[in-house]
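Here come two complexes built around chain A, the first alongside chain B, the second alongside chain C.
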Partner chain A sequence: MKFKLDKKDFENFLKDLMETYDLFAPVQLTEGVSVFKKIDKPEEVNLTQLVPQKSAKEVFFPQSETMFRYEMSENQSPIVSEQKIGRERVLLGARPCDIEAIFIVEKVFIGEDYTDVYFLEKRKKTTIITLACNHPLTTCFCSSTGGGPFRKDGSDLFMIDLGESYLVELLTEKGLAFSKNRFFKEAGSKEIRLVKELEEKAAKKTDSSIPVEGIEKRLDLMVESPFWDRIHEKCIGCGTCTFLCPTCHCFDITDEATNQKGERVRNWDSCLFPIYSLETSGHNPRPTGRERTRQRLMHKFNYYPKNFGRVACVGCGRCILYCPVQFDVREAILYTSSRRTEGRKGKFK
Partner chain B sequence: MIQQKLREKAKELLSSKTVDLIIGYGSWTLPLRTTPVFIRAPEGVESLVWNSFCENNLTTYLHKFSRLKVGVVVKGCDARSVTALGLEKRFPNHRPLLIGIPCQRMVDRKKVKKAVKGEILQAVEQGELLLVKGEDFNVTLKREDFLYSVCQVCTHRTPLHADVLIGDPVEESPLVDLHPDVKALEGKSPEERWEFFQKEISRCIRCYACREACPMCYCSECFVDSSRPRWIEKSLSPSDLAFYHIVRAYHQTGRCTGCGACERACPMDIRLTHLTQKLNQEVKGLYGFETGIQPETLPPLSTFNPEDEQEFIK
Partner chain C sequence: MKNPYLPIPMILKKARIETSDRMLRTLELTFRHPEDEEKFRYVPGQFCELSALGKGEAPFGIASSPTEKGSLKFTINKAGLVTTELHRLEEGSEIGIRGPLGNGYPIDLFQGKNLVIIGGGFAFTTLRSLIAYFLHPENRARIKGITVIYGARMPGLLLYKEELLEWEKRDDLRLVTTVDWGDKDWKGKVGLVPNVLEEAAPSAEETYAVICGPPVMIKFTFPKLMALRFPNERIFTSLEKRMKCGIGKCGRCNIGHLYVCKDGPVFSYGQLEKLPKDY
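Here is the complex of A and B:
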């Protein structure tokens, strides 16, 4: 089911939406810096930055999340869970790569043996309105990792920017709940044709040449490769790439407490931090950047694929764009492949 | 040409085994950027580049390679970091060999990005001009208008105490104690300044890129990572964010060279140097001290002198 939504109606569309749902969308914090946040006013929504620094992962798995609170008292129940979120949610304006990433994280959080109730609650109650990428960046390589700038999988509604309007496609039951929306107009053949053009143009722009297929097998043979001795050298060991990555999902649980009350909080953690793997004895099994960089890449391209059948990378390019020293994950992937030889040989030597 | 001379010198240093490793800048995949390169073989020097995009302070890597004889490419600010680190006895084995290049001041890639609409596909320097290309634009910008704010107030562009100097010393700019933006903030009320600070740090994601990019942040255990005692929580509460940033700045007092590596590394564009620049000015005013200039003078907060200002003792 396809509709047209005029841009002049967009703010009112959001306003309507916010009466029923809590709306999460990209917000610009300062020029060039965007994150996904709960929207208070429709005009805050800013869809101009293709890949906001923080990904849509944060809507389901926030950087810092209170799991429960407790207070010592005689008459009350001492523990109050923060599991329930209240109203239904809409995630709007995330790109196909971020949506794909949510399903990668979901496989870890909602599994056969274990279900993370905090993640599940948010997933169940969220309707996803994805925005297609008409202008992928040169750092985008979603087409290499199984995605694409117009990939609809996982979306409940799918939006395409047509200039003066959006074409909105309703894809699931959650999406069909919008079929009677007062701002949706019938989409004509002109719009459908334009979509096709945009899709073809965008597909040509994303890099589909990064050799991701079979990488887990190649890495199996590289555990002790001299490659790791060199590739980590320029990494300064900050957590930027892991925190901005839409698929990284490690966390650390701490109690933040005063005398009588406190809360249990989980915060994102990064395998690039030395204390991530530091043991109580003082021993650190990943003592240098070599082991930590290897862990980051092996988790994405070896351990995760072995467990879940696909790489834990969606080609969004955030780790390339925002790395302070330009560590480029594409080069690392290329290195594992024999195809690296043409013009790329020697980069890590 | 500086780049060619740099390659020749690097080759000579490696061939003669004067150094085991050269840390310099190489070109890489994104426009307006360079990337740190680590060269061990003389034939590797061809990857060295020099241009206005050599923004990283490479001396932060010296901690990682303390067992090797390292030659490092330094700008004026980076050279000061090495002098400051030497005073803190960070080079017990081999003092690094400084390959100094008088700095033309670096181009702020974020400022350039803001000046155009759309993705930048290519950026080329041509003298004092920057030719910037994208899919739908092709503009010529004046390099001078797009310099990093810390570079605009730099007064030590020619590296001091360099072992090798490539290129001629440049005429240093006249002294400006604070960048106009910092000066403007200084003139505001304490409430307004606190509001500015809170707003900036509210974007912090605690990735610690600022800490890791800084050559002066080398503690084997940073106070934020200590679990016994636990000085700070790990969440994003305003008080924890403020605590981290204030302590980081205080730990830099009298040690910061003002290179701006922290701010350039920040993925969230937090204007970190507003705080450090002001602290540097205070230290200069109170003690006449500038970090990394005199290789024998200890930083004022690392030493005691009976003639020090004592006004704070009542």
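Here is the complex of A and C:
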């Protein structure tokens, strides 16, 4: 089901939506810095930055989240879980790569044996309105990782920017709840044609040549490769790539408490930090950047695929865009392939 | 839906200091709610996350055996924030636990076979669970010979001393204890576990080996077992890693594509050989 939503109606559309849902969308915090957050006023929503620094995973898996609260008394400490969220949610304006990433994280969190109820609750109560990428960046390589700038999988509604209006497609039952929306107008053949044009143009812009296919098998043979000695050298272990990565999902659990009450909190963590794997005895199974860089890349391109059948990378390019020392994951992927020298030629500079 | 991050309340019924350096304390915990006890089914080698509210959570192997009903035992090495609190708590205090977690020892594989159990230091806890399990009258006939080789730095650092004395008296278990430095009362062996194993030379015929100890002990014990012709698939070890969630979500305890908390902590040497040496 396809509709047209005029941009002049967009703020009112959001206002309506916020009466029923908590709205999460990209907000520009300062020049060039956008994140996904809960919207208080419709005019806050800013869809201009293609990949906001922090991905949409925050909506389902916040950077810091209280798991439960407790009161400490003499001999009994009642625990109250914080797993329930209040209202239904809408996530609007995330790009296809971020949506694909949510499903990659979901496979870990909603497992067969144990279910992460905090993640599940937010997933169940969220309607996803994705925005297509008309102008992918030079760092985008989603079409190399199985995605694409107009990929609709996982979206409940799919929006395409047509200039003066958006084309909105309703894809699931959650999406069809919007079919009677008062701002949706019938989409004509002119709009449909324009979409096709935009899609073809966008597809040409993303890099589909990065040899991701078969990387799991290639890395099987590279566990002790000198490649890791070389590649970790420029990494300063800041962890930026892991925090901005939409598929990274490691967390730490800590207690924050006073004498009487406290809470157990989980916070994003990073395998690039030495303390992440440091044991109380002083032993660290990943003692240097070599092992830690290997862990980051092997997890995405070898360990995760072994467990779930696809790479844990969606080609959003955030780790390339925001790395302070220009570590380029595409170079690393190239190196594992028969095209290993291409990265060194400065293909991506 | 069950929230796997919520601890169930236990009561610290009894606590005792195990070792002469006072760094190891065994906690005996009973369930506050009978329905929690009903649901708690475990095998030797599994572990729990123990909560010291306000300080945090840490994983510990279960030292009691499922044949010992009514309570759970954990032996805690005082090393950090959580363990210091677990040493401080008085009898009657509430302690939260999550578990049982992990796979445990492959009890069914051992059926009808001999067992060589090799332990070092305070890693003896889940081995104690395994031994107590098979020494139980109902289970003793399920396996043939049991050889236990257990070492510590000094006699005072051996765990479960009274129980060791009882085991020594049994004729259906061969116990070899060893220390790095003995004292005037010490009647066991003096020497490192791998060397004592070599000397004791248990036959590998129809035999499984289970090792648990500090990494350095494990490292030197593997080659001795190889020399005794134990195949990789019949050597099991229980690994420790820094852990948080204990259920395969938080990420930190992986070795290759496996998680020590969920796919372990018990692995065969055959399995470990194929993985990166991230442990």
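The working rule: the second predicted complex is superposed on the first by the 335 of 349 C-alpha atoms of A that agree within 3 Å, B and C clash if a C-alpha of one lies under 4 Å from a C-alpha of the other, contacts with A are read in each partner's own complex, and residues count from 1 in each chain.
In this text, contacts are C-beta pairs under 8 Å (C-beta built on N, C-alpha and C of every residue); 3 or more make two chains touch, one makes a residue touch a chain.
It should be emphasised that the depicted structure is a prediction, and the values quoted were computed from it without experimental measurement.
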{"item": "When chain B and chain C are modelled together on chain A, clash or fit", "value": "fit"}
{"item": "Angular separation of chain B and chain C about chain A, which is computed from CA centres of the superposed model and rounded to the nearest 10 °", "value": "90"}
{"item": "Partner chain in contact with A:T115 - chain B first, chain C second, else both or neither", "value": "second"}
{"item": "Which superposed partner A:G146 touches (first chain B, second chain C, both, neither)", "value": "neither"}
{"item": "Touched partner set for A:H299, first chain B, second chain C, both or neither", "value": "second"}
{"item": "Which of chain B and chain C A:S81 touches, first, second, both or neither", "value": "second"}
{"item": "Partner chain in contact with A:G289 - chain B first, chain C second, else both or neither", "value": "first"}
{"item": "Partner chain in contact with A:M67 - chain B first, chain C second, else both or neither", "value": "second"}
{"item": "Partner chain in contact with A:T254 - chain B first, chain C second, else both or neither", "value": "both"}
{"item": "Touched partner set for A:S277, first chain B, second chain C, both or neither", "value": "second"}
{"item": "Minimal inter-chain CA distance - chain C and chain B, angstrom", "value": "7"}
{"item": "On chain A, positions contacted by chain B and by chain C", "value": "252, 254"}
{"item": "Residue ranges of chain A touching chain C (in the complex, touch as defined)", "value": "67-68, 70, 72, 75-77, 79, 81, 83, 108-109, 111, 113-118, 120, 223, 249-255, 257, 259, 262, 264, 266, 269, 271, 276-281, 283, 285-286, 291, 294-295, 298-299, 302-304, 306-307"}
{"item": "Interfacial residue positions of chain A with respect to chain B in the complex", "value": "29-33, 35, 53-54, 63-64, 135, 137-139, 230, 233-234, 236-240, 242-244, 252, 254, 256, 265, 267, 270, 273-275, 289, 320-322, 324-328, 330-331, 349"}
{"item": "Residues of chain C that touch chain A when the two form their complex", "value": "1-7, 9, 11, 53-57, 79-80, 83, 92-94, 96, 215, 240-242, 244-245, 247-252, 254, 256-257, 262, 276, 278-279"}
{"item": "Partner chain A, residues of chain B touching it in the complex", "value": "28-30, 33-38, 41, 44, 56, 60-61, 64, 110, 113-114, 118-119, 121, 202-203, 205-209, 211-213, 225, 233-237, 264-265, 267-269"}
